[in-house]
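Quick one: the structure is below, and I'll ask about it shortly.
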Amino acid sequence: MMATVRVQRDDFDPGAEAEGLARGRKDVGAVASFVGYCRDEGGRLAALELEHYAGMAEEEIARVVGEAEGRWPLLGVAVIHRYGRIAPGERIVFVAVAAAHRGAAFAAAEMLMDYLKTRAPFWKLVIGVDGAFEGWVEAKADDDRSAARWSDAVSGP
Amino acid sequence: MMATVRVQRDDFDPGAEAEGLARGRKDVGAVASFVGYCRDEGGRLAALELEHYAGMAEEEIARVVGEAEGRWPLLGVAVIHRYGRIAPGERIVFVAVAAAHRGAAFAAAEMLMDYLKTRAPFWKLVIGVDGAFEGWVEAKADDDRSAARWSDAVSGP
Amino acid sequence: MKALYFAWVRERVGKAEEELDPPATVATVGDLIAWLSRRGEGYAHAFDKPLAVRAALDRVHARSDALIAGAKEVAFFPPMTGG
Amino acid sequence: MKALYFAWVRERVGKAEEELDPPATVATVGDLIAWLSRRGEGYAHAFDKPLAVRAALDRVHARSDALIAGAKEVAFFPPMTGG
């Protein structure tokens, strides 16, 4: 299976990345993709500063992709995660999954996002609009619950 | 909420359509999108001929979009469905959903696809490679089951 | 009322659309299907498994017990296979 | 072994990385956290809620009972908030 994993400071082109999974193929019936953006939280957030564990980030994402591959019949996966300073409206993360049928593509894309949230070594620092505050985003119990949905078939950390 | 529904013979640019839901906005945190392609079924399929009920197709898709809007807090939806002759590797259908959070975006995109399959008035005629056969695709019980997943909150046809 | 036929219903009936003027005793979509089935071999073949045919009244999905009174357009077609 | 600290663990410890040479009695990730906590105020603050800190050994998530023998790199960080 074709798998792309990139951890980078620069922006990316989600359309080109997603289309790349289907181009020239006649066995792909479905590509599900997801883009996560930086929200401004009602105008209070000036930027996010994303810290990451270089090296482990790519390896851990590749492990998560491997688990998705073991669970569904996938024809291609692309995952991109940015780090560094990201302003509201900018892209942060991208996942795309190609499969013959939509069920596998949707489920794998959603599982990859849930696992990225809870297992990929990235940490978000919030920078407030007036420089008055900054603080680390706290992990959400919701995200752990979302990731736990998949744990009957794949092993957690 | 911004909603685009198009039923057209021509191809479309899924990346541009999906990005259009987030461009210039700072409240969108998630865009989930889906592209359905024509498969060649192991080389046996030369093309699909998609027949549709012009007028009702747009209206029914808009009704389905309205039901998704009533169920999740959505910030934008785009649905495009092609008709006419479509060759293997070509795009058939597109759904994209923007929301603040990924759960709503994924769920609404998947619900829209399930409902498009079972409620939008389109019919696929399979054209075999050697002109030796053609036949109408039969509706799948699987698709009815997929659509039924959502029926606790929205009314069916 | 105007009738539209799609996919294999259209092929069996032998036309894509026509004007219908059913008698007053034809009250529901189901009655209309039964009445059409008696119009000839193509219709009978199209509607030989009534549960396999779906209907819409004025572009909205309709069950076989839906009343046709007032509808300007009725459509018959197989289960949808788009998406 | 090389130790890496991320996010608020890094801020509290006051450095992003350092070389560690724990005594042989330090067998597990949990032992290492307890040993580090005694190295000063910053460390004590970083590890004051041990369950709030995650660890990785050679770039693989590790529980507190994981053995550190043979590991070249250990990392400590808060629960992840990427995606």
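A few comments on the model shown:
The first chain written gets the first letter, and so on, giving A, B, C and D; residue counts start at 1 in each chain.
One rule holds for everything that comes next: a residue touches a chain if its C-beta (ideal position, glycine included) is under 8 Å from a C-beta of that chain, and two chains touch if they have at least 3 such contacts.
Not measured: the values here are computed from a predicted model.
Touch-path distance (fewest steps) from chain A to chain C is 2.
Taking the mean Cα position of each chain as its centre, D sits at the greatest distance from chain B.
The distance from the centre of chain C to the centre of chain D, with each centre set as the mean of the Cα atoms, comes to 71 Å. Inter-chain spacing, taken between the CA centroids of chain B and chain C, is 26 Å. Separating the CA-averaged centres of chain B and chain D is a span of 48 Å.
Chain C has no residue in contact with two or more other chains.
Touching two or more other chains at once are residues 36, 113 of chain A. Of all possible chain pairs, those that touch are A-B, A-D, B-C. Residues 4, 6-8, 54, 56, 59-61, 75, 77-83 of chain C are the ones touching chain B in the complex. By the touch rule above, chain B contacts chain A in their complex via residues 13-16, 18-19, 22, 24-40, 43, 88-89, 100, 102-103, 105-106, 109-110, 113, 146. Those residues of chain A that touch chain D in the shared complex are 36, 50-53, 55-56, 59-60, 81, 92-93, 113, 116-125, 136-139, 143, 157.
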